[in-house]
Amino acid sequence: MADTLLRVEHLNKYFSTPKGTLHAVDDVSFTLERGKTLGIVGESGCGKSTLGRTILRLIEPTSGSVFFEGIDVARLGRTQLRKARKDMQIIFQDPFSSVDPRKTIFETISESITTQHLIQSREKIEERVLELMDTVGLSERLINTYPHELDGGRRQRIGIARALAMDPKFIVCDEPVSALDVSIQAQILNLLRKLQKEKGITYMFITHDLAVVHHLADEIAVMYLGRIVEKAPSEELFKNPLHPYTKALLSAIPIPEIIENRKRIILRGEITSPIDPPNECRFAKRCEFCTEECRRKEPELIEVTPGHFVACCEVRKGH
Amino acid sequence: MNQNTVSSSESVTKKYKKRSQFAEIWRRFKQNKGAMVGLFVVFVIIFIAVFADVLFDYDTQVTAMDIANRMKEPCMEHLFGTDEMGRDIFIRVLYGSRASLSVGAMATLIGLIVGMTLGCIAGYFGGAIEDVIMRATDICGSIPHILMGIAIVSALGVSTMNLILALGFTSISSFVRITRAAVLTVRNQEYVEAGRAIGQSEAKIIFSHILPNCLSPIIVQVTLRIASAIVAASSLSFLGLGVKPPSPEWGALLSAGRTYVRTKPYMTLFPGLAIMVTVLAFNLVGDGLRDALDPKLRK
Amino acid sequence: MPEKNEIKKVLEIKNLTVRFDVDGEVVRAVNNVNLSLNAGQTLGLVGETGAGKTTTALAALRLVPDPPGIIESGEIIINDKNIMDLPVQKMQKIRGDEISMIFQDPMTSLDPVQTVGDQIAESFLLHLDISRQEAVEKAKDMLETVGIPRERANEYPHQFSGGMRQRVVIAIALACNPSILIADEPTTALDVTIQAQVLELMKDLKAQYNMAMIMITHDLGIIAEVCDDVAVMYAGRIVEQGTLKDVFNHTRHPYTEGLFNSLPNINCRVEELTPIPGQMPDPTNLPKGCAFAPRCRYATEACKEKQPEEHWISDTHMVACTAYEQEGFHIERGDR
């Protein structure tokens, strides 16, 4: 069996709102092998960001377990958790709010090092910060600049350097390129990939951009309203999508090529509310293949072919 | 990594100078003419207040009576005229800046320390503790400040110290509100989450990320609160609940001149002007700071 | 310059230059832009943040905020009228009647305290001489046109989802049947499946109303889907312009090539993307020569020295690149 780094079991995160209980993450389970990338794809409000933060326990899970190298992060005490954070980091979406505007690049990056007491002497810290800046492609003369003097791409590099500072084994990338322009986006994607190759970091890559996730991920999980509806190796998912939602999603990607008569699935119907969702398939209201059975209970995630999981009653019956 | 450049130059962080944030703010502040005038006036007043003892002798010039020269109209010798005891109003107004300014500043300091702490706790932790703090603040804030001041001073007894305490107490609520509002917006920024993700403690996050990013509105509030504390101190002194005569204080001077306001208007005019100019100057500085610190302009 | 006389031009922008004076610095947002839009056509305006796309569009409606924006030079001709010196009142009439614009964020372009029906009706009342009653009826028809049940006319914007809101914005923009619609990143804030719906709707309506459209976007995929012509902007200039086929299948400008290479290709997975190195130049301090030269792999000394001129490769295809003055120059991306 392969080397499992992360195993998530029946993870739930509910928020109570004035209108009822919001099921942000609902019964999510998966495993992630060391050195691989899992892409989490879904539309806004599907709970993908909450999932990433719950795994890192930046948000406390409602129930469920997150085993990181065999240790259940969800049950760690305060001090143990702070130590464990050394191995699990996050890169944020918004390069404008993810770096403290009152701190220079040096201060922001060195904070990671000093917090975990990795290095003591000032010279060594400085050496390390410069090394990290070099790794992420920030030139040394920027060491004392403030974020407002820098553009989005450079700020995002600060965020990456901060995450890398403690040599983490696992990084949650929460839409790290969606706020960037395409030419800069490609620079950051290449950087993330290079880092993975050199350091063997495991990524959980959260995005709404299917082209990006296809480029980077080994395996992709599609989320819809808090649940994983389909999970498969990247190539397989794109070649042979099974869930009707995945199919619609794939057909909706704008492709920068001239394609005559492209067929696309346009979804109709209303989106089910994630607040106290009824006990039925959450995609049922928008699904063209919806039957009586779909309305009766929520389908479970079933392995249909090796490595390819899908949560849809119709697919299981062989459609 | 180019190891040689690091070791050869003793410290790269020293090699590239920080572009100081203070310099940036100062550059923007300077563009605002009104604020610069205000700042100049504030400096002059502070200078007078600090060196009042050097400039004038308290016993012979400020409080000593000179019956021969009582109630003189403004002239070259007595720029603002003299009062009913023959004391020079010009000197008393200048000397009075000491009491007014120190009361204003001390009261604001009390409000700032208590208010900022409570506001920070309420904003950061939220929940029941926030409700308790905010409701208490609402209650305190709903009582007219001057009434509250009167109540506190009457309960504790008339003295400068008690005046400061009373005014400090009344200014707490505005600092609580402002700090909480600022903390609430900063608390949800991703860099705060990043601090947590690298394993920083709550205290560290508050002091290293949240407070520094909340300072702008608080600093502005400080200048504005000093101005209103000076007004409040004068009002209480005017009512005889503040600084005791014969010590000069602007409100007390106004009060003394009140009896003669029809015949000798200059006796109230000049202390009144002093209050007005000071308050205006602080407000100008506050507005200038608000514009200079506004993060929307920085980019 | 080649001209086609048989097709009617509804919008022409000539030598447009816009600058912003901010904090004592001059931001050169749009530099000498020429564009024309034919009746019934969709022109895609593509470029990255700060390329001057939105400013160009705002200038076409004379909506550049002044101050700090200053239109230094240029002519804007809408349906054969030069609007640059029209009085403000006439201009207001033209906006909505002949040219309309929709923005990226539907929430900020709708009034939160008015029902959507009233907001659409408002636009009829401003431009047509009809009663309030009729206007409200027309507004409801309009809602149906954009795929929202007419009963929802009495609801407020916050009761709608993002995609629905954008439909309302489209309804307002199309209320008076303008001949030109400018859409500024209309789907950027929306999810892919919703984006597909909205784009579909816009395509349908465009045909139905026989409008010309300018689609501003950073997404080449959207361009490929809805546009007939494409103009690529960089640092306030149009660097390449042509039909969709010209630009996508016979790419000529190094920047356009760079954009294509930066995108992960969904049909062909590659190990590494080829990004454009470096950053956009500072618009307060544009280089003397070609603005793209510092990032361009083909740049020569000549590129850094002088502003590129327009090279017309065919009747429709223009590229502004100095390198084409050399005999036999071509970029790596081949024709497809």
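For reference, chains read A, B and C in written order, and residue numbers begin at 1 within each chain.
To be clear about the criterion, a contact is a pair of C-beta atoms (placed from the backbone, for glycine too) under 8 Å apart; a residue touches a chain by one contact, two chains touch by 3 or more.
These figures come from a predicted structure and were not determined experimentally.
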Inset, instruction - Treat touching chains as neighbours and tell me the shortest step distance from subunit A to subunit B. - result: 1
Inset, instruction - Quick one: point me to the chain whose Cα centre is farthest from that of subunit B. - result: C
Inset, instruction - Calculate how many whole Å lie between the centre of subunit A and the centre of subunit B, each centre taken as the average of the chain's C-alpha atoms. - result: 48
Legend entry - For subunit A paired with subunit C, centre-to-centre distance based on mean C-alpha positions, whole Å: 32
Inset, instruction - Let me have the rounded angstrom distance from the C-alpha centre of subunit B over to the C-alpha centre of subunit C, please. - result: 51
Legend entry - subunit B to subunit A touching residues, read off their complex: 1-2, 5-6, 11-13, 16-19, 21, 189-191, 193-201, 204, 208-209, 212-213, 295, 298-299
Legend entry - Contact set on subunit A toward subunit B in their complex: 53, 56, 58, 81-83, 85-86, 89-90, 92-94, 97-102, 104, 106, 111-112, 115-116, 123, 126-127, 130-131, 134, 140-146, 148-149, 159, 162-163, 165-166
Legend entry - Complex contact set, residues of subunit A against subunit C: 43-44, 151-154, 181-187, 189-190, 193, 208, 210-212, 214-216, 234-235, 238, 248-249, 251-259, 262, 264, 266-267, 271
Inset, instruction - Sort out for me which residues of subunit C touch subunit A in the complex. - result: 48-49, 161-162, 191-197, 199-200, 218-225, 244-245, 248-249, 258-267, 269-277, 279-280
